[in-house]
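Take a look at the following structure, please.
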Amino acid sequence: MITVFKHEAGSTQCVNAVDPAWIKPDSGIWVWVDLNEPTPEESKVLTSVFRFHELAVEDALSAVHHPKIESYGDYLYLILHGIDFSAAEHCFRTKDVDFFLGAQFLVTVHPGVSRSIGKVGDICRRNGRVLGEGPGVLLHRIVDTMVDNYRPEIDKLEERLDFIEREVFEHPGPELARRILNFKKDVASLRQVVLPQRDAVGRLARREFALVGEQLAYRFRDVHDHLVRLSDEAMFFQDRISSILDAHLSSVSNQLNAVMKVLTIIATLFMPLTVLTGMYGMNVPLPHLPGGDGAQFWWVFAIMISISTVMLVFFRRKGWI
Amino acid sequence: MITVFKHEAGSTQCVNAVDPAWIKPDSGIWVWVDLNEPTPEESKVLTSVFRFHELAVEDALSAVHHPKIESYGDYLYLILHGIDFSAAEHCFRTKDVDFFLGAQFLVTVHPGVSRSIGKVGDICRRNGRVLGEGPGVLLHRIVDTMVDNYRPEIDKLEERLDFIEREVFEHPGPELARRILNFKKDVASLRQVVLPQRDAVGRLARREFALVGEQLAYRFRDVHDHLVRLSDEAMFFQDRISSILDAHLSSVSNQLNAVMKVLTIIATLFMPLTVLTGMYGMNVPLPHLPGGDGAQFWWVFAIMISISTVMLVFFRRKGWI
Amino acid sequence: MITVFKHEAGSTQCVNAVDPAWIKPDSGIWVWVDLNEPTPEESKVLTSVFRFHELAVEDALSAVHHPKIESYGDYLYLILHGIDFSAAEHCFRTKDVDFFLGAQFLVTVHPGVSRSIGKVGDICRRNGRVLGEGPGVLLHRIVDTMVDNYRPEIDKLEERLDFIEREVFEHPGPELARRILNFKKDVASLRQVVLPQRDAVGRLARREFALVGEQLAYRFRDVHDHLVRLSDEAMFFQDRISSILDAHLSSVSNQLNAVMKVLTIIATLFMPLTVLTGMYGMNVPLPHLPGGDGAQFWWVFAIMISISTVMLVFFRRKGWI
Amino acid sequence: MITVFKHEAGSTQCVNAVDPAWIKPDSGIWVWVDLNEPTPEESKVLTSVFRFHELAVEDALSAVHHPKIESYGDYLYLILHGIDFSAAEHCFRTKDVDFFLGAQFLVTVHPGVSRSIGKVGDICRRNGRVLGEGPGVLLHRIVDTMVDNYRPEIDKLEERLDFIEREVFEHPGPELARRILNFKKDVASLRQVVLPQRDAVGRLARREFALVGEQLAYRFRDVHDHLVRLSDEAMFFQDRISSILDAHLSSVSNQLNAVMKVLTIIATLFMPLTVLTGMYGMNVPLPHLPGGDGAQFWWVFAIMISISTVMLVFFRRKGWI
Amino acid sequence: MITVFKHEAGSTQCVNAVDPAWIKPDSGIWVWVDLNEPTPEESKVLTSVFRFHELAVEDALSAVHHPKIESYGDYLYLILHGIDFSAAEHCFRTKDVDFFLGAQFLVTVHPGVSRSIGKVGDICRRNGRVLGEGPGVLLHRIVDTMVDNYRPEIDKLEERLDFIEREVFEHPGPELARRILNFKKDVASLRQVVLPQRDAVGRLARREFALVGEQLAYRFRDVHDHLVRLSDEAMFFQDRISSILDAHLSSVSNQLNAVMKVLTIIATLFMPLTVLTGMYGMNVPLPHLPGGDGAQFWWVFAIMISISTVMLVFFRRKGWI
């Protein structure tokens, strides 16, 4: 679907169909063209009206790309990633939004509904002055909304991490290992998406491109700052999850130790007793043994109790019980 | 709460309420405005009197931010972190203090009491000449006090580390793993806070900003040096704790080895004896066995002792006992 | 085998044998010479006709080299790696293709059939205008095809990784460890080949060499982008496989734990029973024991059941069963 | 204690007390002031005579600092670390020496006896021409001696490492883990001290400061080279010790494997025999069993031998014995 | 031993003793002086004839140094490492060769026979024109030969690695851990030697020194390329060996798992049987038990078979057998 916002002399028009002739990026007039899952027909606007470089158009229309920024002389081509809210609950997914920024236009291309662009579009429709700030400020507005949407996802990741950390000493086991593995995968995705995004926005903030003025650069510095924080948090998550993995391994080892101690105590207590009862059960005459009469049983019993006591004292000393 | 120190012609005035007209950052006059948990009313000073950039003001009034330094032309915006003394005992927490430094003013914003600022404020009240050194020196004084406050916390961390190191060979177990995990988390927080702080102060020390003169740069170089040492120590702690974790894992494994050796020795000693007593307890005639008369029991006993001795010699050779 | 494409005044000639005099890299004329497993005779073209530097020629004719780019004044020497489709199924292998790029010529040297060069050669034969774009664009065309060929191999690697990830919790064991080891080796090969390739193409994209104009640089930037993505994916694979290895180790440990618990439960249940039956089997009078008459057997049975029940409750509490 | 060497017109004077007026850093005259655990009285020389920056003086008189170099305009402030020979035998400790280098003076401050400075002082007393080379060469002489003193300590570390490596396969155990932990701590200290020292001397060698001429820079390049080698060795030690730790863990695991195999073999050999003897010991008629007469015992014995043999063959096949 | 090659007007002279006056590094004449384990007498050539800097001479005559390159104005001082062929078979060792390169001379110093220098010397003796190319080309010739000698050693390392990889799943054990440890040590030595060598030659290839012209730089770029490949291979070896170590640890754990399963199966099969035979062996009347007559034994046998079958089915389900 194509949506075109045209800003001319303080007023804003918004139409859903597009007539190439109508989009006139002229002096005092500027347009925002939003392509949401463009049909081949609609996507021709990119080449026929704006005459973008074929490689950039190809990238914009193709499947997921990594965030990046590229200058093609008089316009910038920017790929960023927004949160994919259609993904499963405990899962971190993003999808790409492509931007073409010129002096007189902003073109956004995205494969499916984007919450951030939808929200900014609504604001523009209600308030005509918003578009009056120009394409750069509009780009910042969209990017800022996209980056703000990361926050709740990061919080969800942190909750999952806290949950894993609590479980590690309470219910270590295969299920937890699987959770740790999934968490690591999600954090790796986060980093893979945030790091190049941070660098791309950083180049805007450092005013590497003539299209970005000083005031606009201050705004992008703020977004850059948010992205730096996100990437720091991703690093921090990675550190924590690997500490937790170590704790998990040591927790499993400790559990094994505990199990083995129980086994060893049981075996050490009962094996001598088995031999003892076996000795008194042999079909051989027992000469001169203590208690050759009716008290014999109690003698055996006393020896058993002594052996067990000695063993228990020994384990106590070793700190096993 | 808002506190305003005004320095004019060698004398210092300090008031707690503020009349915007009264704050005149004029030639020969300079002010220090301290905002401690500012009410919305009080925080208007930032925009109405000083006209700071809206993004900086937003950052200053919002929740925790990472340390950073930013130039807005004729003033600097600086975020640093001080120790949060209200945190639990065995826990490392920081909170942010925001600074606006201009040629004629210093504005500090912090969410709750800051020991360092309180201390410097007391000195200013008692000694009028302190403020006479100008906003840059005052900033250095506050930052220096904040960084000095890290020292006792670092020492506490080192004590915890020494304790963990002693325990690792004496009481390895789940409790220790939990301690190690917590320690790693605290050191990660420390690094996360000290590293960007070091970089921000480093930019002051390298005189990247026109507001900082040579003499002031020497002072900030000293603070930078302290922060470099803190970050080195954080690195060192990380190294040590991961060595300790390795030692812990090897300690747990060794313990398991020790337990298994006991089990194996016990089983190996008593299992043959059980079979032996079992053989003499069978309901089958024992022809031609040694000791068919009363001496039989002692024969069995002798065989048992021999088997045990052979086993013990074997284990001795293997170095298990 | 040697193949020579000669482009002159809009028309393309293609011959398989070469007469040195015929290759005239003159104004308006340019040639593409493709050497596929050149005979010593054929490879003399490099020195006699083009007078390339002896070291570059030696490299081009010798065994596998790492990707690199080198300028020899008026021509570039470039080594890239293409997928080796002749390798075994579950195995990642590459082989090198060498390029000499001048203003009037492109020379390609490769030890055996190269799918990418074969494909581009076919296109050139069918469409005369392709060569008309000049040696740089032809180089880009070949390199682009080579890099596109990596995609299905990367997908195969990802499938193998997904398979390993599924297996890690279901069938951990020596076979899986072997698969992980092989996978790591293949990813290391991939990185070893992609990283220098990315850097070499990056130098073309940044226009470090006078032979590459702006429009050509845009094209190489696109290829560079693909290579960056490939190397990012290789990094991501490395991260994932090492997470999986950790999960594998923890899975093996958990399995061991489970086995040990079964053993301990069995031993703890039956050892006391053995001692009990042993006691009642001793050749000693059993005075005052409960059940001295026919009910005795049931008494023993009751004690056994009680012991077992207590044990089972104990294990239940520990969460083992 | 304060020691002052004064070099004037080719002759050297050395006194232990100091009269501020006597220290005249004038043309043709230069002084070396050595402060060994200075009293507050003595340390006033730094501020009153030389007028060093208060922050540098504070650093010089305070507790241990990290190695660094700082320029204060017409003099350099340098902190290096020398070996602390008063430390315990198997322990790596350093202490700091502070230098102030000017065109006409060298001031050294250290908390306690320094072997290197003592040695250079003796040489100066005996040979008047040594001081004639100027403050820079004297600084190099001291620093060179200090760095040379690291060599025997490095050799001791290497001996400890070799010892640990031999022990790892022969006596793995808790004691070895403790040694590894201590070694890692010492190597970390070494790196922590050598790396900043290398960087500080590297800045002298690269002639970043006007006080250091070309010939002097050659000398410092040599010292820098020594320090690079020391830091390389520290890296190499770290690599080796972590390899050894891995070997240690695998050694402990192998030992556990060996122990478990013995246990399993014993249990597998004797458990069936116990059941067999138990069967023949039951109070039930044994109908139709082989050997109902006196040969019965031998039959049982034969079955036992057969079972054991089968088991042993099975283990042999598995490669356990 | 000292060997002097003197090249004058197209002809080469070679003598083994040296008369200082005879070595005239004059216009049109140049000399190559090779010092093989120089006597103190011979090594005086360095200072008396060539007047090299005392620090460089000291380095050249002292024990092993790390590879490096240093400029002393009109000559270069270069340390490289060649393979030490006198080392034990399965062992990677190098020894240093020192070079002084001037416009009119090349001086080589080495502690013992160097294969590369010997080989180049032979070529010079046979072919007078070789020396005619000048000192820089001669240096390249020697360095190239030295670097070529690394190849067979690298191949030997790879063979050892392949061997270890095969063994890891077939014969994991202490011997393999020792091999891995030794291999890691050798690869670390390799990296420690190749990395600085690569950097030193890289500086020659980048023409950082005036003595190296463009054509010579092309040659050194080729050597640099070889060294880059060697260091890449060292990295690759390190990666592979650490993957193999992981596989080894997981292999040992899997083996332990297998052993424990055998133990658990045996214990679980035979322990219930022991209790059963114990019950029927008690000296107590067995009322109402099944099979109170001669069929009793078969009843017991049937119960045993049933228990065992149930157990085996249970293990089968768990996937242990």
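Going in written order, the chains are labelled A, B, C, D and E, and every chain counts its residues from 1.
The working rule: contacts are C-beta pairs under 8 Å (C-beta built on N, C-alpha and C of every residue); 3 or more make two chains touch, one makes a residue touch a chain.
Note that the structure is predicted; figures quoted are calculated from it, not measured.
Trainee: Starting from the defined contact criterion, work out which chains touch chain B and chain D both, please.
Mentor: Shared contacts of chain B and chain D: no chain.
Trainee: Between 0 and 180 degrees, and as a multiple of 5, what angle does the rotation take that fits chain B onto chain C by Cα atoms?
Mentor: 145
Trainee: Please state whether the interface between chain C and chain E is built from the same residues or different ones, using more than half shared residue numbers as the mark of same.
Mentor: Answer different: the two copies use largely distinct residue numbers here.
Trainee: In whole angstrom, how far does the Cα centroid of chain A sit from the Cα centroid of chain D?
Mentor: 40
Trainee: How big is the gap, in whole Å, between where the Cα atoms of chain D centre and where those of chain E centre?
Mentor: Result: the chain centres lie 25 Å from each other.
Trainee: Send over the residues of chain B in touch with two or more other chains.
Mentor: Residue numbers touching two or more other chains: 249, 253, 256, 260, 263, 267, 271, 274, 278, 281-283, 286.
Trainee: Among line, ring, star, complete and other, which one matches the pattern of chain touches?
Mentor: Contact map by chain: ring.
Trainee: Quick one: ring order starting at chain A, direction chain C?
Mentor: In ring order from chain A, with chain C immediately after, the list is A, C, E, D, B.
Trainee: What part of chain C is in contact with chain A in the complex they form?
Mentor: Contacts found on chain C: 165, 168-169, 218-219, 221-222, 225, 228-229, 232, 236, 239-240, 243-244, 246-247, 249-251, 253-254, 256-257, 260-261, 263-264, 267-268, 271-272, 274-275, 278-279, 281-287, 289, 320.
Trainee: Please give the residue numbers of chain D that touch chain B in the complex, ascending.
Mentor: 53, 55, 59, 65-66, 68, 70, 72, 172-174, 177-178, 180-181, 184-185, 188, 192, 245, 248-249, 252-253, 255-256, 259-260, 262-263, 266-267, 270-271, 273-274, 276-278, 280-283, 286, 291, 293-294, 296-297, 300
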